[in-house]
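Chain nomenclature is as follows: A, B and C, assigned in order of appearance, with residue numbering initiated at 1 for each chain independently.
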């Protein structure tokens, strides 16, 4: 129940930030809606297609598509106000990341997949939507260049699996990893933590 | 039968316009064939993968691959002539859009999916091939920026579902929505109709 | 057995060259690992998703993910040395191409798919990883512009199917096509063979 609430908040928030990204590229309203749906629901879709987990979430719950498209149009209409909500968006975006991660882990656990794949399923659910958004906006995915996004997802997923392994009660096993993940994300944003870059130049080709 | 004829004309036309797009990017002949196949058959493939509808069309009918690749090479060989056929291509491209849309809706109806997904299945079948083409050519997909493409597909699919709902005879329930969709597309091209753009600038990051 | 050895060498080599490509784009370590895994294992994944062949290789063998990520990090750590191994990488990359191709053909043969799809399955397995790498690095895929990659894959796959058809013994039917493919690739590199380009300009739009 609580996770579903978080999930709905998360896809709405992802849709809104995606709409702003689309606006920075001067897309039209169709593009805004498509980018919003793909960013919000794309991570779960990539996971489900790779794991062969059918039907996809939005096929079973088409109302999520209307919700994300609606949130995107609302954002486009009120963009002037949105300008002042940068910090709120960052917070909701972080909530989305840890929520998606836990949901992704849960699905892989239900499918009785190996530990590596559970962790990866969480990371794909959390991060792939943003990667798709960046590809469609013709950017090098931000994930690969700047953010601690993937690391936050990995830590959240790892703690969640530990919690499941040690049989914490259901609520705690979700909320503790999500809380730690959120804290990690906020610290990373506050102190501008980054993964080390790998810079390489050669004369080949 | 009629729909199959339209479908074959449509994938050939899509392959030919895709080949011209590849030529604008100086691709080699392999690239031309690959781009042509992905543009012509990619929309249906994305739909089938997302809906879990196996086997894919071209796995069941490999001859479609040869047809599209053949059309692409023919286009490359006769490109000088193609230059004068711009309007014909636009017409065939519009025919492809409405044909793909109806086929996509039909498949989702056969799978007994909800109304939203039927509409979306039509739109994905109609539009995703062009989006893949633009990603592979390293462009921001045109769909998101300029064309009324998605709207035409949505209108066609919506009318088709209405026609099915009111139990029109099979031929009319296909041809009327396709005709209206074509008309819409031609008017949009003629009068340069566009969806409103969402232009957004901020100082974040 | 031999094919498995080649496969492991191949995914390691692909991961290493992908890591260097990521380094040229200043990606961080997460990006390096993700690009490496997608390049090494993405071709097989695209094939499996398109053919509906579940579970995917890396879901069944998560150790491959660790291997490729490990190879990528090792490459980033020793990049200065890697600079001198250009020719070794080209050789291993060519080995990967022909190995992936044969594996892709085998899987389609096991699934009893038509001849065209067998050939295509080999080509997708051999080439799609590199295409995904180029899309994620925001390049026009090299496959479509310069290399004889797809042609090498097609020749290897075609010979492999001939060998199967004429019931050569198992080892020969793998090694002969792979050898010819390697030779073709090396000659193409040595003499700078290229497919003819299709260059097209018009005034449309």
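One rule holds for everything that comes next: a residue touches a chain if its C-beta (ideal position, glycine included) is under 8 Å from a C-beta of that chain, and two chains touch if they have at least 3 such contacts.
Every value quoted in this text rests on a predicted model; they were computed, and no experiment measured them.
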*Superposition of chain A upon chain C: rotation angle, C-alpha, nearest 5 degrees*: 120
*Indicate whether more than half of the residue numbers at the chain A-chain B interface occur in both copies; give same if so and different if not.*
different
*List the centre-to-centre spacing of chain A and chain B in whole Å, with centres computed as mean CA coordinates.*
30
*asked:* Please output the residue numbers of chain A that touch at least 2 other chains, ranges allowed.
replied: 49, 135, 138
*Where on chain B does chain A make contact in their complex?*
49-52, 113-117, 120, 131, 135, 138-141, 143-146, 150-151, 194-202, 204
*Contact set on chain C toward chain A in their complex*: 19-20, 22-32, 34-35, 45, 49, 54-56, 58-59, 62-63, 65-66, 76, 79, 83, 86, 135-138
